[in-house]
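You will see two complexes here that share chain A, one where it goes with chain B and one where it goes with chain C.
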Partner chain A sequence: MAYLTQPDYVKYVCSCGQLKPITSLYFCRHCLKIRCGFCICHEVDSHHCANCLENMPSSEARLKKNRCSSCFDCPSCFHTLSTRATMAAQRQAQDPAGGDAKVENKQTKKMYYLSCFNCRWTSRDVGIPDQSVASGGWPERTNPFLSRYNQLLDYYKAIAQQEKQEKLERERKKFAIRGKYITLTDKTGLTGAMARNIAGLPTSESGSSAAIASFTPSQASAEVDELPDDVYTKDVNLKQITSMSQRLASPEWQPSSVSRLHPLAKLLSIKRSQRCRVCDHNLTKPEYNPGSIKFKIELLAYYHVPEVKIISYETVKPGEKSALLLKLTNPTGHEMQIQLMQPEDLPPVEEREEPKSIEKSLEKSLNLEKDTSSYRAIERVAELGSSSRVTAPEATLTLAQRDDAAEYDDDAQQDTSDFILWRKSNKLALRLEVTTDAAATPGAPARAALALQYSYRNTVPPAPAAPQQAHHTLYTTLLLDLGVVSG
Partner chain B sequence: MSHNIKILPGATVCEDCTLEGDITIGGGTVIHPRVTIIAEGGPIIIAEYCIIEEYSTIIHKKSDNQEVPPKPLFIGAHNVFEVGCRLESPCGHIGESNVFECRSFVGVDVKVGSGCVIGASCNLTAPQTLADNTVIWGSEHHIREALEKQPSQLLQLDFLSKVMPNYHRLRKPNVHKRPPSARQSQESSPRP
Partner chain C sequence: MALYEGIALIQEKQAVVLDLGTDYTKFGFTGEAAPRCIIRSEFWCPSERRYKRVYDYRTPEELYDNLVNMLHLLYFRHVLVNPKERKVVVVESLLTPTLFRETLAKVLFTHYEVSGVVWADSPRLCALTLGTPVSLIVSIGAREAEVCAVVHASVVLRALQSQPLAARAIHDELARLLDEDNNTELHLSEQIIEDIKVKTCFVGNRERAQQWADGPAPTPAKSVQYPLAGRPAITVSGRTRELAAEPLFARDNELASLPDIVLQCIMLCPIDARRALSENILVTGGTATLPGLKARLAHELRYLVTQPPYSDRLCIREFKFHKSPTHDNTVAWCGGAVGGAADAGATRALPRDVFARTRRLRDWACLLDNTPPHHPHRDQLDQ
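Entry: the complex of A and B
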């Protein structure tokens, strides 16, 4: 809970140089590196509606413009609309004071309308007739610019097609020069267009060029309608005018008056899986079922990297020493050796630009749907900018493995060491000393950088080709937020 | 403060609530337990078919330029006061079919028309008049105008008036037909 409600007091340095709390970091078990949302690939796994939990494949989602066909959002406050049922009585108004069951009309029919529980907007407010079926059947408004929209769509599709064709051509030439692979077209002397012709595929070039040629670009015009005469004198009734966000929520119509608001088809939600850019392994993979919040793969740093929490600290003063109490936790199922270090003592990140196999690069270049430039992994060293340093004890600390049953014993073992406060199953509390730079300006945020060396036992079954060792020594750097430098 | 609680027949008023001062509760109104209604600045008249839920507070505040005799606070029919809402009003009139959502606050000098909704946790403190069918919602106090009044809670009232007697001690109606001058408060004996 503390991670959700409190600011991030302890930030870890990701391999890309970003500073993030441990809860928003991933840990790639194959590269043995910390990764974050910034330096990994996000992939859309599945589309679903968050309200009715309907699942649909991406092609269908694209066809439906990423909107659910049965759920609606409130056009006024964007909350999900609920379907409400009423008994449509024929003329005869019910006597409220009577409470008499006999007044009930025989000819009642269940009618449905949409209503927002947040702002009490109803589909009746804008004159949408009640429906006799509970779901679907709501009138759809046609886009006034539909034909122009389709024109644009065709035009850009044609351009995309053309660019794809050109790129394919380029790739073909590149590999032809290399001479390692002989493509079908090289062998037979056919051009791509001829091959397409023979195969009966639509001649891409002529089709797309026709669409491009017949396209008329839009013209800017200086002629606009005159403002109404009473524009400066008429009182503005803000209740009748839509807000900017309400207009932009339906870009096709952009209603300026609240009486033109129309239920918005609910936007679909997605489930994402995350992939390491360096080794292409999945870091997280959610379960397919939209109702499930579990993961099939969940390589979070929280489960693999020792967690550091600040218990308390003394006020940081320039040029003085202050005490700092930290708690270390070993989240893994194996014993962990931890040593505190200074960030500058870390071994430099070795620049290993792996010579990628030609097969792999070919495979990637042919995968034209994806822009491969975004797959490049980023490695950078963070600017820590800390004014305080933590005096790291020389000793190596041993943290026991996580044991869920040990949660229930509460006898903390007192350690005799001068910097270990207590020890309890996989947790350890330390008393450390923070030395602050004399030049630190009072009022500036006080931060202390600290590096950890920890042993990690890899549980990934080793690949048959490359025998992996199971024990690793890993490093991580973290930045502790110690309030502000006092004057 | 004199206690003069008039409960009209058909009203469901739980015993476990604080009623102080000159209060009239109309027929069909349901008052949940732990409700506080204090008529210190003048009488409070609650019309028919209101729902006043738990922990809501209605105070007719005493003001400095008090009229003599004090003007009553009249709360129209079909108003819903949801859990934990607070209404502090010295100025006369609350319309009908309003909804005061959970933990909303309506301060002094706010005139409420009819069919208004004061959203959950909305605070109205500045002097203002809410036109009929005004809906206020959200932390930014968005305002919109509803086309029609909020639907009445007759089904809910019906249910509550049937269920409440099974689980709560109730104050019995003490006025028959037209409210006469008879003062017969149930538990809290009137002080002379």
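Entry: the complex of A and C
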């Protein structure tokens, strides 16, 4: 839980240069690179209503303008509205004479209205009649500007159509090869339109020209909406005037008076799948069921990259050395070799990339270099801005694989090494030394950059054509937040 | 291949229309009468733990990040479609900074991989919603009021006027007047100032404004007690309610008030278009919704045109106004939605592959785009 609320003390450098905590990073098993929300491709996977958890196919969602047909939001405070039932007596005053008949006709019927439990707004406040069915059936309003909008749309579509036709005509005239055969229309001097007219066919562009002819441009008038006369004398009731957010919640109507508020059909939510931009493989793919929070594919960095946590640290002072206690965790199911390094000692990116086979590079060049161009544009150099450096021990540390059963083992094994504090199944605590630059200004945030080299075992079944190696040496850089430089 | 598959292949995905305003962003589909959402141009920034405005940037990278985050919000929280392989109509001001346009192009084409972008300037889109051959578009937004003459679908660029007379100017004045009313420095947030403006302010007529300025002061409108969370309520006096928008009409020697720039725009236009322009005015933009603003502007124009320097240079006496065919704050967006839907083949769009090759956008201010073909320097530019 602490991950969700606390500030991010340890940030990893994504392969695109962004600094993110490990919980918001992904790990592409195909590129063997860390990816983040900034450098991956997001896609809409499925639509659903977050309130009733009803799935909606994309085509239907498009038709319904991404709105749920049975759930509504409060137009006043945007909380979800609840349907409330009342018993309403239905008067059927057809037989006022007979006393017995009166009793029989007095039926009670369940009637429904919408109510907000948060701000007490109800659909009755604005005069919406109660409904006899619990779901749906609420009156729908049409956009007051719709008819004019449609006129404009028809007009400009007709113009675009005509423009296109004229262009075609011009093109035809320009490139028409005069053969030795004279067509009927040429010989008689008939144009296509005239020929159609004689034959009693509708002229080809009649539709568009009619739409153009029938269009009336907007008429300007000398009169402007004046202020209402009572504006200087009337009291202002703030409760009767809507706020900006209430107005903009329904862009079609934008009511300025509270009495014109209408329930807002609930906007659907989506599930997203995420894709690596470089290799187009899925990084996450959610389950279709809206109630499920599980994923079919879930390549999170948290499961693949060694996790670093700060246990504690001494206050950082300019030009001095201070102690830093770190905890390293191996989340994978395989033993991991880790070596701490300085960020500047990392091999450059190009060298780290495995040599590509000829087929692969050919495929890439045929692929209109789509993947790299878009990825390169996003990539940038991370600004570490660290004033402290961590003294990295030369030794390679070995971390055991994750073992859920070992969680219950209490006793930590004491290690003999002078910088290993303790070791417990796949976890390891280190005591390190931080050297701070003498020029660091007191009060500035104290950050230390650290690089990790770690072994990674790829469990993706290798493609039949290219035998892949399963063992890789990967690198990652991280930035530790050590509070502020003290004075 | 089956027939229906072929149709599905030809069928264009419905394009989206993006109007990224300083304060509010309008986003929706072409062919629809209203945007799907109008939201504040800001997003939650988890690393800084605050809402961040798109237009607050110091470096191009920061702007790039802002736009990526904003578009993510728009595509995946509000409109719920894949940005990939879909066209975008971008509604922009003629005075959008080049850095902003180019960064937006980069974000759309490379980050979201849209298939094409139509760059459309808002005055012409507003004119599109009227259908008249000549129109004068007065758009009052968040930061600037822009006056633009659109004659037969082209903008008279040399007559383009722009002044910082819009929502910001009103907010600053309102904050000042509220401090006066309550005898303290209130330091209200921008959101509260906006809310007070929306709920209480109006623009009084010319005579009353004159009286407020020269005295004797007219009877003020009713004052309002505006409640604040966790603080005592503040007084919004009738004077404040009426005078908050006065900076838009304040005249000084520079002749830079809102009615002045309208008349100057007309004055800089060809003489045969001036009459038609003054009779086809459309006042639009979010700030135009302020009650009484349009009426006041009309009165001011009718008065000012009889005064020097306009009286001897303009012989127009009549001003006519159009009613916008939709809400004032979505007129330009609507023009984009109509234009985008009519031009379904998107012949005016800049396709992604062309952008990837040339890496530049057409810009009216650039010599490469505004030098006519027969101009003696054209050859050098084409090299």
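In the analysis below, the second predicted complex is superposed on the first by the 356 of 487 C-alpha atoms of A that agree within 3 Å, B and C clash if a C-alpha of one lies under 4 Å from a C-alpha of the other, contacts with A are read in each partner's own complex, and residues count from 1 in each chain.
One rule holds in what follows: contacts are C-beta pairs under 8 Å (C-beta built on N, C-alpha and C of every residue); 3 or more make two chains touch, one makes a residue touch a chain.
For clarity, every value in this text was computed on a predicted model and none was experimentally measured.
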Is A:Ser76 touching the first partner chain B, the second partner chain C, both, or neither of them?
first
Looking at the overlay, what does A:Ile159 touch: chain B (first), chain C (second), both, or neither?
second
Let me test your reading of the model: by the given contact rule, A:Met56 touches which partner, first (chain B), second (chain C), both or neither?
neither
Look at the residues of chain A and decide whether chain B or chain C touches more of them.
C
For A:Ala265 in the superposed arrangement: first (chain B), second (chain C), both or neither?
neither
Touch check for A:His42: first (chain B), second (chain C), both, or neither?
second
Touch check for A:Leu480: first (chain B), second (chain C), both, or neither?
neither
So, does A:Ser221 touch the first partner chain B, the second partner chain C, both, or neither?
second
Under the stated touch criterion, which partner chain does A:Ala446 make contact with: chain B (first), chain C (second), both, or neither?
neither
Output check: A:Ala211 vs chain B and chain C. Expected answer is one of first, second, both, neither. What do you get?
neither
After superposition on chain A, the chain A residues reached by both chain B and chain C are 238, 243
Can you name the residues of chain A that touch chain B in the complex?
76-77, 86, 96-97, 99, 118-122, 124-125, 238-240, 243, 258
For a test of understanding, state which residues of chain B touch chain A in their complex under the given definition.
28, 48-49, 78, 117, 119, 134-135, 137-138, 142-148, 150-152, 154, 158
The residues of chain C that touch chain A in their complex are 24, 26, 28, 31, 33-39, 47, 61, 65, 68, 72, 76, 78-82, 84, 106, 110-111, 113, 128-133, 194-195, 198-200, 202-205, 219-222, 224, 226-227, 238, 241, 279-281, 291-292, 294-295, 297-298, 318-323, 325-327, 329-330, 334, 338-339, 341-345, 356
Give every residue of chain A touching chain C within the complex, in rising order.
8, 38, 41-44, 47, 61, 65-66, 143, 145-146, 148-150, 152-153, 155-157, 159-160, 164, 215-228, 231-236, 238, 241, 243-244, 248, 251-252, 254, 267-268, 270, 272, 373-374, 377-378, 380
